[in-house]
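First subunit A sits with subunit B, and in the next complex the same chain sits with subunit C.
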Partner chain A sequence: MTTTAYEPNVVLATETFDVVGTRPIRHDGTDKVTGRAEYGSDGQPVSVLYCKILRSPHAHARIKSVDTSKAEALDGVKAVVTGKDFPSSPPDEEWSGTTGTFKLKDLREHRLATKKVLYKGHPVAGVAAVNQHVAQEAIELIDVQYEPLPPIMTAPQGMAKGATLLHDDLFTEEAGEKGDTPSNLASHLQYKKGDIEKGFAEADVIIEREFNTATVHQGYIEPHSCTVHWNKDGKVHIWNSTQAPFDVRDMTAGILGLSSTDVRLTPKEIGGGFGGKWEPYGEPICALLSKKTGRPVHNALTRAEELESTGPTPGSYIKVKMGITNEGKMVAAQGHLAYEAGAYLGSPVDPGAQCIFAPYDIPNVLIDGYDVVVNKPKTAAYRAPGATNAAFASETVVDEFAEKLGIDPIELRLLNAAKEGTRRADGPVFPRVGCVEVLEAMRDHPHYSAPLEGPNRGRGVAIGFWFNVGLQSAANMNVNGDGTVTLTEGSPDIGGSRVGLAMQGAEVLGIPAEDVHPSVVDTDQIGFTAGSGGSRVTFATGWAVYEAASDIKRQLIERAALIWGVDAGDIEMEKGVVQSKSDPDLRFTFKELAAELDGSGGYVSGRGAVDPKGEGGAFAGLIVDVEADPDTGKVQVLRATVVQDAGKAIHPSYVEGQLQGGTAQGIGWGLNEEYFMDPEGRMANSTLLDYRMPIALDLPMIDTVIVEVANPGHPFGVRGVGEVNIISPPAALANALHRALDVRMEQLPMSPGNIMEAVWKKGK
Partner chain B sequence: MATVFIPSLMQRLTDGQDKVTVQGSTVREIVNNLETEYPGTKERLADKFKIKPNISVAVDGEVTPLGMLEKVGEDSEVHFLPALGGGQG
Partner chain C sequence: MPTKTHVQTRINGEDVEFLSEPRQSLLECLRDVIGLTGSKEGCNDGNCGACTVNLDGRIVDSCLVLGVEAQGSEILTIEGVATPAGLHPIQTAFLENAALQCGICTPGFIVASKALLEAEPNPSEGRIRLWLAGNLCRCTGYDKIVRAVMDAAGKMS
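Our next item is the complex of A and B:
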């Protein structure tokens, strides 16, 4: 571990606050460190049944028959369901939500296949039994006859002429227009800026490279789990581990043919999500089983089921061609990105394409993106989805430019950095962003200038951009007689958000964060709140809390006016004190006024419901030192420093945690993690022993630098912080490895085997 | 008049132009007037009353949740982009 005396954070935001920017203890901390917090599988109802799911052993096969009779006859089995138990709807009927627009029949086939299985692990039937062992025995008695088909395992394979089709009703979409022949290519997008041919003609140096990245999983510690009760009144109640209660509620209702509010979802504490817990998996199956039995039904996935049948982030094939002048000015950039959607359309190739060259002001750009269905699990979001794959490609080429031109890699990036007014390749112009400030903080950090001695060692840098999102959020706040305030909101706490939200309310009211008591409540108890993802909670739900607290502030001023018999216009509230502007004797602290509420009109409640814009994109970069063994390909990360623009860090400790967490995951993605698929399309490493995520011994202490370039689109200047930090590690590691071993890695992961292949190839 | 940036794969509907100027004080008016000038554009961007769910509209660089209802200024820039949901983040 390397430590420095460096003063870590760069505060460029100019407004100062009393609560925002401090580091109070999180409200949920005691329950979590003492083990009292209840997660998805904790605290089951007395009459619960246990569900197990029969899954396809094939990556691609036609289902010829399903016979459940032996399972149904097994003692202890209470119900068996297949996809035929779902309601039917017209073939083209669509469902839309925050994850996109899909055919309802595909959403149902994804949960329980009836015609074809499209990946190994695809659910075919569900069983509810008195315990898990009986349920497991029962699913092994279900007889499914398959007709295996050749699997499609990569995007280029899927796009090849004559490729086996996964769907006979999927047609390529290009900007709202559909093709007329079925294809594995779900969509093609394109971004164009300037004149790409002219740009390359102006370039003195042109580099073109191809990259492949493997499928990886979010790797949250707690697997998906749910308990579902279909009540006699037709209402469905779900308790589960999710980061998106309303989104899962709505999709589950759509699959079951119900209205959204026929489903109530209570989110339990969540053991990680990172984007992967945004959709239902077991919920619709458990709902069908509960409807049949009248009892609550519980399902918890094993780790193998998690890896094989939930939503990893896609493997990809990316080709990058960039041109630069001898003076270091980037003049042209072209990208071809083909991402694996998994079994159903919807890879994150769009954001990948939008982010790939976003850190730079390049006048001539052409980007083509392809969303391709393959016989792997349907992909789901993972921290800055699509952007990490893309940056691995573009940031490797930028590093090669620096080497060829003899320019310092950070100075080269600064020379071309995007700033306020830079037009992105996808069209919009950047507002105030912190790309330059992040790069300057990297350049000025002692890590960047520290000596790195010894053989086979190298230092690399890279940066990345992510949009962050807004979306709807709601919050309610109630003032109690003792001067505390309860806060109810609908954003599952996956990164310390409770305390960050409470702090924003406390700042408005001028009270300590500890006096605001936050709770994450169920979907019947709060207005629509989009899930905890997209780096949106502190921004959007924080804004809802700001509105709720401001509502309370307004009412408290009116109440003081009523009590004192003066005009409300004569009263102000600052730093938790309500006072007359003209009479210094008229003064209440927050607690004193709270005590006067009962008897003067009752307690006060505030509400906030927002759908904000102005989320403010963010940049982050990584400096990393590695030592690589030239004989084995093993890489040791010696030192890592992550720098990120947070806008305003509400609670710096949890921002630093996000920076470290995203970097750790990015290092795993870069060095070891991959779905290792056999020739039949089956995952060969579906345990955490073989799916190699980094552990504490693999990582140094990750130093963090929070750069605060306030976002003008938020009351406190917040930008999202949860995602952008994962983008640069694979590229930074590749660049460090180049200096350590003199090889350019063009494949993720940079595992020992892949590194040795590259070393041997270079030696030939 | 506002400047509307046309997605590159739709530019055959605008005679190859990558941006066009269109009259309108809301995105709805912009979309309707764009359709009058360049038939076929509206069905690619919007349903009857709403921007299509897989598309987002940015006015002056900010993606707006108001879609067709968003106000557009005389000198505004309007972009149609893929929708980025929370599930993609």
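Our next item is the complex of A and C:
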């Protein structure tokens, strides 16, 4: 630490810039504090109809019949659709996008089931009516006959011999080969490094533990919402709340049997996503209804629909076995991860498997991952998908080693920390990463050495790794005569990204961030831009902006050369000033040159379209103090300090916000949040009273340390900051609880009931 | 038989009359009938606070009030917090402290914070957390929201 006095938020900057690293007011801020910003459900077009969706009351059932006649006859109902209204394709026809490769028929069955319902809340029919109340009355008039089947609720249940099958055409994929009998196990993956048996033979201490984690939801405050108009020219226009306009456009087009650009998607402001708003839910249904009625159709999910039928993140069963020498050198690590995919394949078990031991340089590793379909909603991405479950397991075992060996938990991690050159078990060799720097900042933070007195209190630490992603982004910039620059880009602004992007353009051009005016535009107005997720916007779209601004810079130099009649090679542009290297009288400020553009060849535009490969993996850690009530199991978080390597914090306030928000979500995941499923496989707590996300009273101030180990793969060193901060909290809380109550928690959430069970078990 | 009831209110300092079906909430009337979409729907059952408005001096979840119940009442929504002269100090503090990320919960937090600072001009951190316990934010972890309210309190006193 370079600071001596305690500060709640610290930036350990390694390089300084003029605009990057400052804290301007976000450009979209005024609209968002005055209620003017238009989110998914705000401002509907004239003649809009309202859609409600009939959903399965069963977790698993065959559909015997659907009779929509009474609903169609209800006054005010304009159309009813079922999955039979989708086009059909050959059974094996596939669709591919940024989220993976899926069978088209599964994508359609997921949106509107015709054969089987695979989770409580699975859509069966959609109604468009003059208002939402009539639409609701109408769906209650649809008669569906079901043949209920036994539900599969956990990954181990789904993998058990003789388990009821969800799909009769799902065959286990293993080492590139497909199995020959149908199974609930969609895939089995394995990562190997060294010799696991040799590793355990070298170990002085071996610990093996089993863990279960509950299904949890992203919990964004704005439910999914869309309005769709199928025009008479065959073009479909979607206005919605999404993280991923192009991805949702493409998947919706695939489901509807259209070409991508037959669909135009206008992203409205987005009220949170955390990975959960990357795929269409109501869009294809509203499209069918719009085609039938000729009118725009709007759908907004209720909170119960959100919880019961949009992507949660998987519950999981994880087994970890690790071996260490008496000197504290980790020599072997073995992981078995079985994740619930939900109703269709595609859990984040692969990233979980890649991250589980990634913070450490361990010579002998064996990891098996299992993607298992179960009768729960299809999971979707949630902030570092798969990694939090995995780290809860591995990081509590590491803590147990520290206790057994009498080594400080941070020092033990430093002894084994991954560095540049460390090869991960899944193959990649780390480039320059900040694992050591994050651990050192944790060790040196005043929180870590502060006394923690009083009974039933404990302090815990944990760290986590996340890859971050690159993917394609585009940006356009235009210089105006008054010296400002407009910026158009395609990344929905989920947490202040407009300002972070504008700042990168401003830095290149040497102008104030306020002089760059950013807009998020629709899919017909900008080049392909992958969604706002994977911690990628400030990294990849930021790079596109850097390219667009650099393009402008080149053109401004050429224009000045033209105006002055000199060679462009004699001109440089630094800090917003264009000047001749040889003649000090030849000098334009950015504003002066902008005013000369009209009349000297016209205004200047810059373009950037990138697919960067240099995304920098990120580490983060949490120090947390808790007090636990030994009689009730209630846990109060007393103090929390989150440390993260941002590479470079473009706008430190919004980076701090990511660290704090991810930590809060991780604390909710660790202590409260859980899908309670009844014996029939129905969620029993589908309200925000009973699905308990942290409220202001539950949390302390969350202090931050931003470590900056520049990512060599980005012009400003950005790594991306959105996700890795959620990984540590459950494990850090478990480790704190161990010191508070002398119990090792092996189950999430660490709710009062689960804590008391652990306390009583230990007392026996 | 008419299916709607005529409701007279004052909203953000102006007389507003509207027609409400018996089953429509005040939130639905504000958003879909009157066109004031600054109040947001996050749960429609009183658990998230995104629809918070001030009704006759009390902060309420407008999704839990029927449109017809608003007869004769004085309502402040987020649209009435700023004045023609500019933003309210709480709004400025939210911007300066980066107290919003996605912004969907922000209108509810600002309406609730305004009521807090009118009742208690210099609240402690604990009092702020208690007053805002009915408003869910999933993005920020509340840290910067609490700091923004403290900052606004300091500037308003």
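Note that the second predicted complex is superposed on the first by the 750 of 764 C-alpha atoms of A that agree within 3 Å, B and C clash if a C-alpha of one lies under 4 Å from a C-alpha of the other, contacts with A are read in each partner's own complex, and residues count from 1 in each chain.
Convention: a residue touches a chain if its C-beta (ideal position, glycine included) is under 8 Å from a C-beta of that chain, and two chains touch if they have at least 3 such contacts.
Nothing here was measured: the structure is a model prediction, and the numbers come from that model.
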item: First, second, both or neither for A:R26, with subunit B first and subunit C second; value: second
item: Which of subunit B and subunit C A:E723 touches, first, second, both or neither; value: first
item: Subunit B versus subunit C as contact partner of A:D426, first or second or both or neither; value: first
item: Touching partner for A:G753 - first (subunit B), second (subunit C), both, neither; value: neither
item: First, second, both or neither for A:G601, with subunit B first and subunit C second; value: neither
item: Subunit A residues within the subunit B interface of the complex; value: 96-101, 174-177, 188-192, 244, 247, 275, 278-279, 348, 350-351, 354, 380-381, 384-386, 426-431, 466-472, 530-531, 533-536, 611-615, 713, 720, 723
item: Subunit A-touching residues of subunit C, taken from the complex the two chains share; value: 21, 23, 31-32, 36-45, 47-48, 50, 77-79, 81-82, 87, 91, 94-98, 100-107, 110, 125, 128-130, 132-146
item: Interfacial residue positions of subunit B with respect to subunit A in the complex; value: 5, 7-10, 18, 43-45, 52-55, 58, 61-65, 77, 79, 81-89
item: Of subunit A, residues touching subunit C in the complex; value: 23, 25-26, 28-30, 32-39, 41-44, 133, 218-223, 269-274, 300, 302-303, 494-496, 651, 653-654, 656-658, 660-661, 663-665, 687-689, 693-697, 699, 701-702
